[in-house]
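Inspection log for the structure reproduced underneath, given as structure tokens.
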Amino acid sequence: MIGPIPLSHVLLASGALFAIGVAGALLRRNAIQIFLSIELMMNAANLALIGYGAALGTQQGQIIVFFVIAIAAAEASVGLAIFVAIFRHTETIDVNKINLLKW
Amino acid sequence: MERLIFDAAALVAIVFAGLMVAGRDPIKSVLALAVSFFALAVTYVLLLAPFIAALQIIVYAGAILVLFLFLIMLLNVGPERPDGVRRPVQTFLGSLSVVVFAGLLLGMLRASGARLPGQPEAVAADALPDPKALGRLLFSDYLLHFEAVSVLLLAALVGAFVLARRENAQ
Amino acid sequence: MTTPPLWLIPAIPLVGFALNGLLGTKLGKSFVSAVGVGAAGLTTVVAYARLIPFVGGNHQPVVEPVASWIALAGLSIDISFRLDPLSALMLSFVTFVAFLIHVYSIGYMHHEATNAGYARFFAYLNLFLFAMLTLVLAESFLLMFVGWEGVGLCSYLLIGYYFEADYAAAAGRKAFVVNRIGDFGFLLGMFGLFAAFGSLNYSEVFWKAAQDPARFAPALGAICLCLFVGAMGKSAQVPLYVWLPDAMAGPTPVSALIHAATMVTAGVYMVARCNVLFRLAPEVMVFVAAIGCFTALFAGIIAVAQNDLKKVLAYSTISQLGYMFLACGVGAFGVGMFHVMTHACFKACLFLGAGSVMHAMSGDLDVRHMGGLRGKLRITYATFLVATLAIAGIPPLAGFFSKDAILSAAFDAPGAGKVLWAVGLATAGLTAFYMFRVVSLTFFGRFRGTAEQAHHIHESPSSMTVPLIVLAFLSIGVGFVGLPPVFGARADLIGPFLAPIFAPIAGHEGAREALPHATEWLLMAVSVAVAASGLMLAWQWYVKQEGRPAERLAAAMPGVYALVAEKFRVDEDYDFLFVRPFNRLSHFLWKVVDVLIIDGILNASAFLVELSGDFLRFVQTGNVRNYALTFFLGLIALLLFVAGAM
Amino acid sequence: MTETFVSFTRADLAAIAPEIALVATGCLILLLEAFAPRLRRWFATVALAGVAASLWFLVQAPGGTTFGGRYETSSLTVLMGLFLGATAVVAILVAKPYLERTGEERGEFYALLLWGHTGVMLMTRGLDLLIVFIGLETLSLAFYVLAGFFRRVSASSEAGLKYFLTGAFGSAFTLYGIALLFGASAGTRFEDLSRPGLADSTAVTFGLLLLLVGFGFKMSLAPFHAWAPDVYQGMPTPAVAYLSVAPKGASVLVLFRVFGAVFEHGMPDRFRTGVAALAIFSMTLGNVVALAQRDAKRLLAYSGIAQMGYVTIALAVFGRDALAAVLVYFFAYLVSNAGAFAAVSALYPDETKPHPVGLLAGAGRTAPFPSAVLALCLFSLAGIPATAGFIGKFFLFKAALEQGLYALAVIGVLNSLVSIGYYLKVVYILYMREPIEGEAPPPLAPADRLALALCGAGILILGIFPASLWAIARQAAATLPLTGP
């Protein structure tokens, strides 16, 4: 329990968000939406970390999340640059159409 | 009361996450995700992490998602249109596996959340929402991480520059 | 004179390989020949400098460690070389025959267009010699395996040396698949040995096995079977023999050296080396004998239907290797090794002779296009004839003694020994028959090739004929080291020399009673008679099938032939009753069993692997979502398996 | 409040001096690129000097842990650091002529390579899940960019996109695994994980599997491998030479550390079976698909997938000797695989096009030295005796045999025998085909020659005198508290 909030609620919410993120990453075709889904997965992990940290009575969970946010920002900047670079070649970011490299 | 707010916020986060995934229009997706992130920030406050909640709003919702919006506008990406090629295997296996995975994950989390193996002896001062303590922790135990992440940010910065600058920049 | 260290023997050809490989292209053919042949010659000299005192001395095994290769708490493997009677025997002819074949190659490869190709050929030949000598001199199974893989690699490289890509690629693939099966057996056997004995050094493994046969015997059945599968692959036994006829795509000196005289006998050598283990696994011995016996007959029958000179010799090699395993299988390891040695001499001579014929015929190897070459290729003819007489088992040539020893060992063996003997005898007749068939077709009669070929026919240069002559003399003389016991108790030199290697295991088996002299004489007479009749039958039939009038034949052939023709006149009925069905059987075995079934299975398995590779390749769709999905499915499978059960 | 709460000691500084050297060298090259672009041809030398300095600091650093038990300097990390540094050296040597040929010689390439290398160093030396994760992400971000470095080439951009999307997907799983382990152990250090009862918890098992999958992705272990062939094909070859070797070694070490911390009393059978199944699947799939490959870099990618299958055998064996075998294996893999990519880089004239194996026809004559080294590397990868690859496999299979995992060893051997097929196919094309007209390999640059010579010599030296490396590896492996021999 974290105050009146049961940990299992936190974790279930986190798990649901993670699963939704996976679903988006697997089912969307647009690279941006896939990446948004991956961001959602990382946020789900953040929620779990904060929930655990609070339940365990340590701030380490928050510290981890702090770093994860920094990493996510960095990842986003590189990702967006990659999207721009590929868009210059293919005029699309639909991953179904980006399959020059195969077999 | 707090429990109720938490559940409501979590529900909002989940629903809007679902909308983000379900929508074909990337702009709507970004907006839905922004709502979801706001709701998550609310849960962070309730979980004694106001500092992270602020970061969540400023960095995630504020900076990253706006960047996404900007990019979508820049590249003029429209909604996903059916491309005429059906991919039943990917869709079917993808959905099925997500359902199985969600079942496994939620089952495990429910069981483990009920009995946390950790020990709440250290709960005292450390657990309070105290950014100062957080800062201390950051520069003592997590000093190396802090330094390491600076390398990561540097690499990302240079990398983004390498990839996105104009071709004739040389 | 100080004795040179053993490691020098494989090291010299390795240096030759390095020199030719690195510098050969730049420095021209004479440099390449000097280095290649020089390395082979020098290593022969060094080998004999060790062998002569060893043979003259007390034959105590010598183990010379060179370096520690892998040293672990529970296992230490040294690079060390071993000289004992068995490796001495192999060493004596491997080095010498290899040297002769190197010399021969100078003339044979003279037409090679580029320096690079010429250098590559000699570099590979030296590399092969290095690997073969490592295999022979190794003191541990692991080092032997180094040589084992090395000779296989060189064989693969040399098979594909110059034929056009498709054929050589197919031959290479077949050789590859078959040898993988064999190597897998060998490796499994080695695992088993390591698990059972905790060591891979010969001395330790054999000593432990001989000390406590009861403890190790149960495991040895499986281990020996695995090892023998390895030997079957390398020594081309049914059903793993199919690669050898195709290996004839390589240059002829390679066929002589690798695919007749040395590498293919490595399996026999390995079985003989492990005789302690094999004797503790009697059921595997039976299997060895059966496979050897069957292979001898099977390949002999196929050889009859071949028209390609080198193919005949290839099937003949398989058949003779079967003989050697037959000998090992009945426990006569020494006799098997004796045949390895004599076979190396006469088969190398035959192959080199075939190369000389091929040289003269502008690359044509079809015996139907030859005929009457004896006049133009005098030396080739004479040496080929001597080697043929030797392989046919005509006394007193080398093949006679070793083959006779095998047959009497089989006759003497308990159980189905008489059956093995009978099959062996039939094969001996068959051998004489098909060998004289090719001799008649090649060297006798009228020339059947094109005018251009006829114009071109010439005897080969002396670098090719001298090795032929030397090998022919060896084919005559080398048998005398193993005279049968009827010539006196001390007539047999090789048996007592090898005896320490094959010493009986205490409390395991008793010494066998020697055959009475009268029986031995009888057996000898029977085998000579069978060989002689095979030989004469061949002349007769291949005269008839050429359809030439008898008078012209009689005129063309020497007096011996007329005599033979009168004595063995067979009429059309006999031809109908025996010859045609036999030819059909031969064709059946070749076309259906060999080409269709065994090749088919091997090619199909190779094909299936490639097909599944192709199929899986197409799973790699290039679509990144599919990649994420495979990733995710893998994760779920793991979660379900590992965590799902909790 | 004037007291400082930053805890940073001299020991800490000495411990991270190797990383500082790398980062600083990267920054220096970047500054030179911006302000003195005419010095470009010295960038590779500067980068090599940076790696050398980093190795020097690494060897000099006093042993023990720093940063509150979160960072390790030991014989294990030094040995790993040497392995990583050597990989970086080969990559830089290959990169110089490669970038010159393609007209893309820019300082950012070296800077990103060095920073990525820093990330891998963090992975091997961190005793904390978060440090490892940051290291992993640093590596990933740098190499996402390197994959797409040739912006003019569409294949390169595509490789960047694919690597990025799959990589971020994999990282999210790793992160969730870390979250679960944090929840169970209340900390991020590995030592927090070795708490009694942790191994029996479902959440911990779940977390460990997520980590296994995440690092398996970096190792390109099937079925988490699918990115590798595409990315290797599109990525600049020198970057592949690094990516296909160093992060894999670091990932295996991390898995050994994490599993070693949790499974104090040996790995549970079911877990072991799962890992073994991954090993078998990866080596079989890698080898079978490699048989059907026509592009040299894709072929090497599948070969790498198979090789990681062999390495995973050691993870299933899970003991001190297994770790030592892995260390030896990775040194062998470094010289063989990085050498093979170096040769590929030196043998193909046009980097912007695919690398069909058929184009190597007759290269044995037109470019004898790179061809000979490539052949040697392939023999080594195939595990032909007397090469480094044989030694690596030998110790792996031996470790498996000693733990009674006979089936794994036998399947491994069978696989390595099958693999000779496609390795020899390349050798065959190199030496047995006529050269193609007008497709001569580029002239051999001195840096390429050096890289190839180093790898070739390494293969032979390791293959013939493996004893001392094995002794060092065993000693290094002893620093991990692993159960079993």
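Labels A, B, C and D are assigned to the chains in the order they are written; within every chain, residues are numbered from 1.
Assume contacts are C-beta pairs under 8 Å (C-beta built on N, C-alpha and C of every residue); 3 or more make two chains touch, one makes a residue touch a chain.
Please read all numbers here as calculations on a predicted model, not as lab measurements.
Shared contacts of chain A and chain C, meaning chains that touch the two of them, come down to B, D.
Among the other chains, the CA centroid farthest from that of chain D is the one of C.
Comparing the chain pairs A-D and B-C, the larger number of C-beta pairs in contact belongs to A-D. Each chain gets one centre point, the mean of its Cα atoms, and the points for chain A and chain D are 26 Å apart. Taking the mean of the C-alpha atoms as each chain's centre, chain B and chain C sit 69 Å apart.
Averaging Cα coordinates per chain places chain C and chain D 44 Å apart. Separating the CA-averaged centres of chain B and chain D is a span of 30 Å.
Within chain C, the positions touching two or more other chains are listed as 617, 620, 622-626, 628-629, 632-633, 635, 639, 643. Multi-chain contact residues of chain D, defined as those touching 2 or more other chains: 130, 134, 137, 141, 144-145, 148, 151, 160-162, 165, 169, 173, 180, 183, 186, 202, 206, 229-230. With touch defined as above, residues shared between interfaces to two or more other chains in chain B number as follows: 90, 94, 97, 101, 104-105, 108-109, 112, 116, 118-119, 141-142, 145, 149, 152, 155-156, 159-163. If touching chains are joined by edges, the resulting network of the protein chains shown connects every chain directly with every other. Interface residues of chain B facing chain A in the complex, by the touch rule stated above, are 1-3, 6-7, 10, 13-14, 17-18, 20-21, 26, 29-30, 33, 36-37, 40, 43-44, 46-49, 51-52, 55-56, 59-60, 63-64, 67-68, 71-72, 74-75, 77, 80, 83, 85, 87, 90-91, 94-95, 97-98, 101-102, 105-106, 109-110, 112-114, 116, 118-124, 126-127, 130, 133-134, 137-138, 141-142, 145, 149, 152-153, 155-157, 159-164.
Of all residues in chain D, those touching chain B in their complex are 5-8, 12, 16, 19, 23, 27, 30, 67-68, 70-71, 106, 108, 111-112, 115-116, 118-119, 122, 126, 128, 130-131, 134-135, 137-138, 141-142, 144-145, 148-149, 151-152, 160, 180, 183-186, 197-198, 201-203, 206.
Touching chain D in their complex are the following residues of chain C: 21, 25, 67-72, 74-75, 116, 120, 142, 145-146, 149-150, 153, 156-157, 160-161, 165, 168-169, 172, 176, 180, 183-184, 187-188, 191, 194-195, 609-610, 612-614, 616-617, 620, 622, 624, 626-628, 630-631, 633-635, 638-639, 641-643, 645-646.
Within the complex formed with chain C, the chain B residues making contact are 90, 93-94, 97, 100-101, 104, 108.
Interface residues of chain A facing chain D in the complex, by the touch rule stated above, are 14, 18, 21, 25, 31, 34-35, 38, 41-42, 44-46, 48-49, 51-53, 55-56, 58, 60-61, 63-64, 67-68, 71, 74-75, 78-79, 81-83, 85-86, 88-90, 95, 98, 100-103.
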